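Note sheet for the following structure.
Naming follows writing order (A, B, C, D, E, F, G and H), and every chain is counted from residue 1.
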Amino acid sequence: MTTATPTRALMEGSEALVRAAILADCKFFAGYPMTPFTEVLEHFAALLPDVGGVCINAESELEAVGMAWGAVATGERAATGSTGQGIALMQESFSEATLAELPLVIFNMSRSQGDYFQATRGGGHGDYRHLVLAPQDVREGVRLVQLAFHLADKWRNPVMLYGDYLLAHTQEAVTVEKVDLPPLPPKDWGVDGTTSGTGRSRTVTSLGVAKPGARPFGQEGKAQYIATKMAYLEREVRSESGYCDDAETVIVAFGSPAKFVKYAIAQLRDEGLRVGYVRPITLWPFPTEAVHAAAQGARVVGSFEISSGQMVDDVRIAVAGAAPVEFIGGVSSDHSGFGLGRLLDVDEVRERIRALHEGRPQPPVPGYEEFAYEPLPHQLAATPEVTP
Amino acid sequence: MSTIPLGPVIDTSRAPASGARVVEPQLPQLLFTNTHHLCPGCGEPLAIRSLAEALEDLGLVHTAICALGIGCYTSFGGTVDVEIVQALHGRAPSLATGIKRMRPDATVFTLQGDGDMVNEGLQEVLHTAARGESVTCVLLNNGVFGETGGHMTATSVIGQRTKNTIDGRDAAYHGYPILIGDLIARLEGAAYVARGSVHNAGSVARTKKMLRRAFETQRNRAGFSFVEILTMCPTGWFIPTGEGPDYLSSTLGEVHLMGELKADGVIRTTEELHAENVRKAAELDAQLARGGIED
Amino acid sequence: MNTIVRSRGTVTIDVEACKGCELCVPACPPAVLTMSTPVNKKGYHYPELHPGCTGCAACLMVCPDYCFEVFRFEVPVETEVEA
Amino acid sequence: MAEHELMLTGIGGQGVQLAAQVVARAATREGREVMFFGIYGGMMRGGNTDSTVVVADAPITAPPVVSRAWAAIAMHDEFWAPIEPKLRPGGLVLVNDSTFPHEITAPVTVIRLPATELAAGVGNPMGGTMVMAGALSALTGLVSLDSLIEGMHESIPSYRRQHIESNERALRAGFDAAPTDTGAPQARWATAEVPG
Amino acid sequence: MTTATPTRALMEGSEALVRAAILADCKFFAGYPMTPFTEVLEHFAALLPDVGGVCINAESELEAVGMAWGAVATGERAATGSTGQGIALMQESFSEATLAELPLVIFNMSRSQGDYFQATRGGGHGDYRHLVLAPQDVREGVRLVQLAFHLADKWRNPVMLYGDYLLAHTQEAVTVEKVDLPPLPPKDWGVDGTTSGTGRSRTVTSLGVAKPGARPFGQEGKAQYIATKMAYLEREVRSESGYCDDAETVIVAFGSPAKFVKYAIAQLRDEGLRVGYVRPITLWPFPTEAVHAAAQGARVVGSFEISSGQMVDDVRIAVAGAAPVEFIGGVSSDHSGFGLGRLLDVDEVRERIRALHEGRPQPPVPGYEEFAYEPLPHQLAATPEVTP
Amino acid sequence: MSTIPLGPVIDTSRAPASGARVVEPQLPQLLFTNTHHLCPGCGEPLAIRSLAEALEDLGLVHTAICALGIGCYTSFGGTVDVEIVQALHGRAPSLATGIKRMRPDATVFTLQGDGDMVNEGLQEVLHTAARGESVTCVLLNNGVFGETGGHMTATSVIGQRTKNTIDGRDAAYHGYPILIGDLIARLEGAAYVARGSVHNAGSVARTKKMLRRAFETQRNRAGFSFVEILTMCPTGWFIPTGEGPDYLSSTLGEVHLMGELKADGVIRTTEELHAENVRKAAELDAQLARGGIED
Amino acid sequence: MNTIVRSRGTVTIDVEACKGCELCVPACPPAVLTMSTPVNKKGYHYPELHPGCTGCAACLMVCPDYCFEVFRFEVPVETEVEA
Amino acid sequence: MAEHELMLTGIGGQGVQLAAQVVARAATREGREVMFFGIYGGMMRGGNTDSTVVVADAPITAPPVVSRAWAAIAMHDEFWAPIEPKLRPGGLVLVNDSTFPHEITAPVTVIRLPATELAAGVGNPMGGTMVMAGALSALTGLVSLDSLIEGMHESIPSYRRQHIESNERALRAGFDAAPTDTGAPQARWATAEVPG
């Protein structure tokens, strides 16, 4: 199969995402193995050379993101990626790449949904944000990967694709075909050496330093420029809603787990329960308006996440008191800690939604109680005040 | 050095009206201005001048891309007429890798300090060299973090004064310096490795030649090339500016030996370098005394 | 007793750019640079040229602030100097 | 619900993932929507290995880990317990009698085949799962035998080409061995009236 | 001055914080220079050897946090620190140190308040949290440093001290004296080599791996254990409120900028305006209840931060619709980008609060308009839908 | 190797009732169990056994603290009776530094793989060595990331099979391997540097001696000590388990030469190491044939 | 023709721990280990000992699964073996 | 408001930060609450350099960067403009006449002293800021001359010990040169009725 003539084939998510990236003209990838991201790297390594691209098995995540940074700075489409811990190591780069206005695409194949904060708030410093797209399945992943490269270039801003073990490893019959997206202006900022010695040599920088004639930001100006830019990026918000018109209970969920939620909600609707859902497709910007609208008529809003509750913060901000917000997910990984766990079962999910709808307490998360933290006696005592 | 009686002060505010030709212009083509905020007596601007001239000499001006590190030299990002991709502290060699892979015909080099390259980013430069990446890494080694106030780095030599070793670096407490050029020379992917200095005119001239050979190595796609340049940092060494050159040669220079550490795949021994340095220094001083360094 | 000092070259010095580091002074092989008594606008002493320049460019090569331009005379200039 | 979920379960080394792959590729060849997800209990021999394949004619709404199965292929009983309650009432279970003595009490149609022996009989002692896949085709028409054979061709990596022929024999053996009078959901796909 | 007999002296914040750490029995520090954190490192380097401690000028932030990790694992009190970018590089460690239950103390001398997300949401992976204490001045810093070491040990959890350029560099006349804190149980988990070969050798790990006889978490169990532990840490919430009883306008602010806010509010009160404030002392846990209580009677709640608005998320969650929430801060750094900028002026701050109180739009942030982002034409066009 | 006719199978399910003494117990004192989840034919358990025995031989058992890296060997954290501080991938040498500075009397060592040490954490081990930190770093070098599926690392040799170099590592595309032991030997802070292997019994015995000398170096506070151990990874090399030892010696072993690279401050040349290896191998084989390795 | 084979030592083998890697077989200097025909519970073939063991411990040193314990006889044991 | 804010401003190299340090240490010695913050316009010579010292008897509520000053010491007029509007009406400004020709129009008491010349007169040409600090003491009693001298001793690093004596002379010269009949807030601290 060549990428030029898309044929339909059964392939694992990682491969489909990589083929979509290549279809979007991604020419460079660098990464370091880590479950469940490893196969993304493997497929890039296998497929990029065929289209004249380069994939480097970088010696670490820091080096991977650095290489991708260099490649992006030339104006070529390029990407990197990793998983939780590796993404953590790259945070300094994501933050500064945003300041440097680099259209870097990041494949974050996470081990759970507990990396939501990491993805949407970053661990980098300062007032930066990058777009985060969270496909629910391989089919959507193929489209969102292309959108990711488009939005990165449109805004000259990093874009992260947030996937997980299920997205990476589920095989689907897919056709990797081109998504229609409008043309973008040429990248008149990319380096290639030819503008050196002309008086107008190009500079790609996160700092306020500028050549004579270029905009002399200074550090403060640059920070303000980027902060005001972020407000425009918020326009790229995307989400999907279902059954919300008359829903008494609204569930917010994203990524693969949202597929379980949607399936469970369809079953509950069959039973006649008025439940609906909002699925953020962009995690940042968060679909605040869609969630707020859905919450208006609702009795209760639930946030279902495979974590101890992170997106629920954004749900609360969006709902803004219009209805009570409850967290109905939980920490649940497979035995290896790499995949998503026992909570991801349509029956489990459905009963959690039903309990919320009926005002009953949530059933326990499978396996949870066994490992619950037991505070020690000295931890139960209040710590004295130390400030006057 | 000859001593001739001092005559009257000559007007040096403008060029001689006639009867003279420019031997060396004030600025190389690739520098926009001579204004910069580096300290008096800093060696970094000298290294940067040599770098610019080396590119010009080889006709590589319109191919140059610099992945720039974070240190005092960073401010040159605004004053050199070279395409710049600003790196995070320590990360320039990886950026250079990504750039070169996408732009194989460009002359891609890093400009980093010892703090940037040998502390924060030691791993980057070594991996890039081991990979035999066809880029040139340029190190400005002053044995201190100049920018943050002159603290010891991984290249500070035993006995060197820095902000946190005012009485000199002590091996028992702080460990030993890393001779980065020597390490890189041992990596098979490294094709050309040299160490220059800017503590006097002769060294500046030799350093420029090293930079030329490094860029030639890159042009010939012969592998990774590396030039380390010892530079004065009177501020971080807590000494008067005028003492910088001597302090450099008697401390850093005695440990980080100048010379071509590896060329054409051959690694030079310490003795070979020493002998060459003595010979070259005498030769260049003689040339200068005669009226200028012969190219 | 006076001497005739031959200058094969000369330099210009951008004294306002000078930061008074004094690196050029010992670098000059014929030792024809000395530091000024007055200071420039930034408050630094700067070098002054005396007869005897060879145009060797050593000063330029060691000046961190790019203050020098170096010339060579077609015909050396001679100055009579008090010894 | 026109989504057909097939679960395959066994222990490491039995070829469960390969069989799932073959069924999934066969369905893909037939233009169906297909989703396939495998779960391994670690790298070691003897761990559990499960797989689910969902086949449909419209974009699949089921998530990758399904909690209900329309049909199952049961190769070993060691890790069977959590699977049994997931069977839809009226569903179909194909049991490898050679390695699965355990009795199934769920309200489903159970077809027992001596798959390992049948496979050994065609010279492919490791081909029990292929036998089962062939039988599934015959019993349900979820995919055709031809598609299975082609799907198997695609699924074998280049350095294992030598196994292709014996696998084909196993698929055919299973297809032929499937009983024709079971009351199981025999109907061909296009007209399927499968439960759930 | 020895640390044993506290005398009063004028000292810069960095020194006072370090002396407080040593008073709290901190025995190890490792760091890498970065403005405005550098002086913390310098003072530790100068003072720790005198008390038999060790300070290493680590070769990078990754190595600094690793060294501190090792030191903490022995049961000694130890710390590391940095600034925004360096903190970003340490995020993987902070996350895993939380899983490993390491009482690591982190001196985060930030360049602005735009690192609020970094500090409170982390860039590490997974469902971890660490306590974040934000002193308003040197005097309070001396006390909170000691509290930080105490809480770290109490909970076996990392604790971050969030300061800034002003805290680090302001000199105050201070007495670094001991704060009274209750005793804690001995650290029966610290390694020293002696339990090797006994059958009960100690293990300090973020993984679920355990020795025979120890609790066999597994990866999933460990994640659940830590997630449930975090709920207990929320008890350590601290804040200060002022003039809230009858306040129509409530301002939330933290750290050094809170001092400007408090000063400005005192001036406005003198003018008779009913304005009050809540100052979070712990950024995580955020004083949700205190803010919610203050918001109950208020007309409007403002979040004043030197950033483009990060804590405002937590304010919104806390207020939960009880009153409108407005962001009234802004990005403002000094010309170097290292310090806090022109917005930090009591007059500026007061007029922002007044504008909020009077329902007028906020005055511009000094220097802001000049560098505001101008979207390009193609950026103003909506991106097409790509998902069905 | 003598060949004697094969007699009947002897019952090996239990110890001889009498008339025999144990020469080697099934498990060293510091191992809880022989159950582990590493692959058949993996070399790592052999290295770990030698490590445990070396500590026992020197009477350092109750002083041992291990900073453990992330790789396949990580699972031994639950089965060795040694205090463990689990490090993040690549970071063990820094942890060891912090531990040793607080517990100077403990025997502090790291246990890392090549992916952990030479890829992700190259900088850590080099800085720790340069600092002359009084710790021992132990590297299990199999030239692959075993744990993630057998990808090439920075030590994979040219021609080596790995998951992403099924036809062998190609220098032009992937660069050259880093000979980490050789690099570390060049750092002044490193006092003892050796490279062992576990591809046959003789190598195992030599490796154990190296580990002993490294721990002695630490006990004597003589500086940084380092032992690299080549281990088989049939899974990551995509070969049958039985071919592991030969594959090791003909690929990794030919490039990463076994021997004491630096002892008592003296660096050995390649020729010296080669000669010694030939001599030692013959000697140890003879000893084994005679009935066991003489200590 | 039969030979007398002397065993100076012997071993125990934890066959259930064995993963059938076959490293011990070529490691045994007198070559008295061979792989079994039957498999253990995990499905692996394991080594079997024949007369002639010297107690050299080479097998133990190369076994990744710690299956061996090695003994030396006070008095060597002799076995008559068909050549 | 019993917090006394002193601003010092000049250009790099004039010793502004040292003078602020000396005043702050003097006040610390007298048991006051003290807060001191310096701002430099970069490392280079000739950049602006400001400092604020706040002295009080109770814990200081003012933030480190104050927007109102009770008194100021003005060493150079180049970066003076933003300081002038911050002076509290009725406040006090000590101007170094030698380097500050600019006229001050704010409603404050302005005392002009030829500080550089006075300093040169006692053999300390760089000691102008010390002269001003001495004069401040005489004029306001914010800190005593003795405390200033001790504060100066503490502020000089060991390798600059040679400057101690001449600095002391400059402090005394300023104290003596301050006019005694200015209408400025002369009162001693304990009884201070200072504006604001």
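Observations on the structure shown:
By definition in this document, contacts are C-beta pairs under 8 Å (C-beta built on N, C-alpha and C of every residue); 3 or more make two chains touch, one makes a residue touch a chain.
The structure displayed is predicted, hence computed values, not measured ones.
Among the pairs E-H and F-G, the greater number of C-beta contacts is found at F-G. Taking each chain's centre as the mean of its CA atoms, C is the chain most distant from chain A.
Chain geometry summary: the mean Cα position of chain F and that of chain H are 67 Å apart. The centroid of the Cα atoms in chain D and the matching centroid in chain F are 45 Å apart. The distance from the centre of chain A to the centre of chain H, with each centre set as the mean of the Cα atoms, comes to 56 Å. For the pair chain C and chain F, the distance between mean C-alpha positions equals 64 Å. Among all residues of chain F, those that touch two or more other chains are 39, 88, 122-123, 127, 154, 174. Multi-chain contact residues, meaning those touching two or more other chains, occur in chain H at positions 42, 44.
Multi-chain contact residues of chain G (touching two or more other chains): 44. Of all the residues in chain F, the ones that touch chain A in their complex are 88-90, 119-120, 122, 145, 148-149, 151-152, 154, 163-164, 174.
Interface residues of chain B, counted against chain F in their complex, comprise 121-123, 126-127, 130-133, 154, 171, 174-179, 182-183, 186-189.
Interface residues of chain E, counted against chain H in their complex, comprise 8-10, 137, 139, 166, 169-173, 256, 259-260, 262-263, 266, 334-336, 344-348.
Contacts from chain H toward chain E in the complex involve residues 21, 24-25, 27-28, 31-39, 41-42, 59-68. By the touch criterion given at the top, residues 83-85, 87-89, 91-92, 95-96, 110-112, 114-115, 117-118, 121-127, 140, 143-144, 146-147, 150-151, 154-155, 179-182, 184-185, 208, 217-232, 235-236, 238, 240, 281, 307-308, 310, 313, 316-317, 319-322, 331-338, 341, 365, 367-368, 370-373, 375-376, 378-379, 381-387 of chain A touch chain E in their complex.
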